[in-house]
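First subunit A sits with subunit B, and in the next complex the same chain sits with subunit C.
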Partner chain A sequence: MQLDKKTTVYDLIALASCSLLGVSTPVLAADTSIDDWKVDTAILYYNETDRVSAVESAVSISKNLGGDKILSGKITMDSLSGSSHNGAAISDYEQTFTSPSGEETYTIAPGDVPLDPNFEDDRNSFSLQMSQPLTRVMNLEYGAAYSSEYDYKSLSVNASLMRDFNQRNTTLSAGFSYAQDEINPRDGLPVLYSLMSDNTKSGSDTKNTIDLLMGVTQVINRNTIMQFNYGFGNSTGYHNDPYKIVSIVSDATNAPLDYLFENRPDSRTKHSLYWQTKHHFDQDMVDFSLRLMADDWGVNSQTLDMHYRWNISDNNYLEPHVRYYTQSAADFYEEKISNAGLTAEQVATQYQNEGRDVTADYRLGNMDATTIGVKWGTRLFGTHQLTSRIELYQQSGDSKVSDVDAIIFQVGYGLKF
Partner chain B sequence: MMNKKLGVLLLLVIPLTACSGLGVKPWQRDILSKPEMTFGDSPMDAAFDDHIYFSKEASSGGRSFSGGGCGCN
Partner chain C sequence: MATVSNLNGNIADSGFHVIPFASGWKCYFRAMASPCEILIGACPESEAQRLSLLAWTEVKRIEQKFSRYRDDNIIFEINTSQGKVIEIDEETHRLLTFSDQCFQASEGLFDITSGVLRKAWAFHSNAVIPSQAEIEELLPLVGWQNVKWDANSIQLKPMMELDFGGIGKEYAADRALLLLTESHRQPYLVNLGGDIATNGALFPEHEWRVGIEAISDKLVDNVLKVQEGAIATSGDSRRYLLSNGIRYSHILNPQTGWPIKNAPHSMTIMAPSCVQAGMLSSLALLQGQDAESFLDEMGIQYWSQR
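Moving on to the complex of A and B:
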């Protein structure tokens, strides 16, 4: 075998100058092999058995403005409809509910999960993000996002600074995000501690969220890279789901007397630790992550996530995925309220006088969730990428209310030019 | 007080010095430079997943900012 010495020398010079200029892979950049333009599109179908289904589509466009300055924009649209748990407990009695607008009623048979069948929403979101090197080893990213749905608007800004150390084997990052949300249902928010039968609604409210994220990315060896993050989040303002109620049941007969609108605390502080490792076996790759989260609502959660990328050929891969999630209930989670001999109005007054928080939203109860799925990716025309994935998502918790089965199907197409 | 400051300094310095023994030389980045070895190599999947799990569970963030920008939870 004869080596092409000329090419080899040129390659070595190119490699050496890249190293000197520091163009070797910065560890935190999203995709360093970016051409001038990069376009990503995807559509996702999400369907829960007997409950909600959603279609979400997104287009993201990035442009390299030169000097590794990258401007990205993204548009996401989703449309959601179906039935959603309204918060009430399953009962041995037939239950009749008033829809959020107060104009219609729906009836739930004994033993069935109380699902509001009129759940419908469309959401559009837009974001702009800029990434620019400040020095050879420092990168700044900043951006803004806006999303709008029927009853909810959110505006956020973010900025992160990354710095490479140790021949780019270590990267430290620090970032913040600030979001301002407005909750504005068509008929107004339920008056605090009011009952469903009161149907008293008025006004809108806001929520402000600050997030801080600090991270270390470390190259371990030629095949392994790790990331550790600490996240802090604090939100203040309106945290209720204005459509969720809590059953007040008679302790004598177990019959529902009325339904109290849920009331969550007006602030929330979260801490999270995140560890992700990617290890390449020269042919295949494994991606493992663990997240621990705790908040001052009493929710503690652990998430394990693993992808195994099986590189079938240079242009094709299959990627099985497993995720396991478990959470403990918030301190103020109650499946239902027992009346203790009082009328529903007296129970509401008692909760109001005590300033007591309560929710029966199963998403704040004890819950386990598993996802299993597989993704297939193929490269077309050298720089195009076609991907599709199918996943099954299952939730379970304290009662049948938490039993949710969903199927997720996604197709994506990306290209660079 | 002095001991406390020294302790904090050690806590900050030890991980960095421990890390200095790890890593590769620039010419050993052939595998690390593969797209799948980059964190955030599937941003579309990640964004969809964040949205789904944010709306169905009580936790969010960790990998990235936890803010949701939707009224789904």
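Moving on to the complex of A and C:
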């Protein structure tokens, strides 16, 4: 009886407290509750003027397994179609090309960029990632990814370790990833130093890539955080784009004689440095980053990237974005090969004898690119996030071949529960 | 403009300031005769200032509205009403309802009309023990059951007085936390002179550490760890009367007019809300010798110092 009476006192006081405060539960919890599930979906539309357009849809799901263990998975589906530069130079003459299958031909008018109109590709990729604390100040992340196109498959694994120091003001991280790719076009890879007119293709090949990353993240002050990374990457194996050719042009007439399939080195070593600074103002945030990359192909690139997050209200933000990218050409980049009085076959033999690398892929040429855009984000129903982003991309380089204008539009929706 | 300068003046008087603290901010001020602090999770400084001001304004509002030491509020109006009917607002009614429920639950031991007994009892160093006659003269003025009240009005018998002193600080802590959380959902800790309300930890592994001051050299300080909820302490460690070697607690039994005997000097309780923790610790002290067993039987965790 005594116990019942005391329990009643407790309940009476609890009830009276709630009605005094006008709440049903006395503690109005802060928003630190761990949301078990997070789902993000996004659809991206990319369209280059007169060239490739792509639609990419992605779904990522993460689940908190408790104890700060987070398992996440992502599925991405890309669909590309349109016209893609085949590598040949612009000519004053009409040019006729054989499609990669060797069954069809297409003709490019004088002065036009040689674009293969039959470019089409679908890519599906899947990844799984696990993040788990090892100790109070150490976190381990690891995962695997697989992607598949009809002529290209890639499998990769990765792991990274992060350790906090200095009352969590400093974080050191070290990571690696290893990828194995297989290139297997339907009709085989072009025989090395063969000409387009030969149409000799056979077999498939592989490429192995290892990337190492070391980084330090440092809290500078209450409003500023900086990150420095050094990355090392090495890949060996088949680096060519099996669909890219290089024009062999007559010195005398400037007419295209034939087209040599491109040949890149069979290894590549990259070094990169990355510096990022995030600074919070009272309401807004600026995110500035600089990336420097150099490789043993002679490609040096610099990327400047800036986001400004303007929090219009508690539930809305606008984020303007500017990015500038510039790179120098690979040592073996040639817009076209001059025949020096030789026949196309003789040129091919000469390249083969010298073991000389050559590409006319504008992505390995001198290039500048600017992206400007804006993203708008709004919060719905408390925990849902709707974002949309529009960006304009403008690229230029050694010739009209490199001139690409593109528009990017993305809509994303994320929710937690 | 008068309001603004008045407000600013009060802020300056109360020592209001916001400083960086851990990964967030700490706002300090004095109110309700106590040092107060508001701990705020990581956010921009302007936001911390805004939130601090929100909390300060609410605490000051409650102090000004319900303090019995002022002559410009509803409590003064009621206590000087001389038997007249006084109109009350919704918030006053809610506090009266709460007091009534606690009066019922404690079978009359918690009584907001008992403050009038302080006319006989003074708790300072050279105070003297009142005579039984003095106490008996005041006892007819104590008795919540004699108060007529409803949703819109209250009527006290002449000379009777109300005192929300036993719940005001706890109520202000809960209210400030409620307003802060509604304004910006993030972790806070509101500490009004030891009455503490918090709505959650700063990050999953985090626990707020709340020190309990030892009241004598014989005891040691204790540290409570709390992720969310409230802590309140009641006691007589600073207010008591020593006479002929007998320590008279300032906690008075409203039925006898005499101090509760053998009550712990300090009782700290954790509960979901500060008003709940405060009321449970007050009711425990009113049990005197049986304070701990009163709480034990309810399965409540407490830190008692005798």
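In this text, the second predicted complex is superposed on the first by the 383 of 417 C-alpha atoms of A that agree within 3 Å, B and C clash if a C-alpha of one lies under 4 Å from a C-alpha of the other, contacts with A are read in each partner's own complex, and residues count from 1 in each chain.
What we mean here is this: a contact is a pair of C-beta atoms (placed from the backbone, for glycine too) under 8 Å apart; a residue touches a chain by one contact, two chains touch by 3 or more.
Bear in mind the structure is a predicted one, so any value in this text is a computation, not a measurement.
S.K.: Taking the superposition as given, does A:299 touch the first partner, subunit B, the second, subunit C, both, or neither?
M.R.: first
S.K.: Does subunit B (first) or subunit C (second) touch A:282, or do both, or does neither?
M.R.: It touches subunit B and subunit C both.
S.K.: Touching A:68, do we find subunit B (first), subunit C (second), both, or neither?
M.R.: A:68: touches subunit C, not subunit B.
S.K.: Name the chain, either subunit B or subunit C, that contacts more residues of subunit A.
M.R.: Looking at subunit B versus subunit C, the one contacting more residues of subunit A is B.
S.K.: Quick check for you: in the superposed arrangement, does A:186 touch first (subunit B), second (subunit C), both or neither?
M.R.: So A:186 meets neither subunit B nor subunit C here.
S.K.: Looking at the overlay, does A:136 come into contact with subunit B only (first), subunit C only (second), both, or neither?
M.R.: After superposition on chain A, A:136 lies in contact with subunit C alone.
S.K.: Can you list the residues of subunit A that meet both subunit B and subunit C?
M.R.: The answer is residues 15, 18-19, 25, 27-33, 222-223, 280, 282 of subunit A.
S.K.: For subunit A, which residues count as touching subunit C in their complex?
M.R.: Residue positions touching the partner: 2-3, 6-10, 12-23, 25-34, 68, 136, 222-223, 280-283, 314.
S.K.: Per the contact definition, I'd like the list of subunit B residues that touch subunit A in the complex.
M.R.: 15-16, 19-20, 22-45, 47-48, 51-53, 56-59, 61-71, 73
S.K.: Provide the residue numbers of subunit A that touch subunit B in the complex, in ascending order.
M.R.: 15, 18-19, 24-25, 27-33, 40, 42, 44, 46, 56, 58, 60, 74, 76, 78, 121, 123, 125, 145, 147, 149, 151-152, 154, 156, 158, 165-170, 175, 177, 179, 181, 183, 209, 211, 213, 216-223, 225, 227, 229, 231, 233, 241, 270, 272-274, 276, 278, 280, 282, 285, 287, 289, 291, 293, 295, 297, 299, 301, 303, 309, 317, 325, 327, 330, 363-364, 367, 369, 375, 387, 389, 393, 395, 404, 408, 410, 412, 414
S.K.: Within the complex, which stretch of subunit C touches subunit A?
M.R.: Those in contact with subunit A are residues 20, 41, 44-47, 94-95, 97-98, 101-102, 104-106, 171, 174-175, 177-178, 181-182, 184-188, 199-205, 228-230, 271-273, 275-276, 279-280, 283, 294, 297-298, 300.
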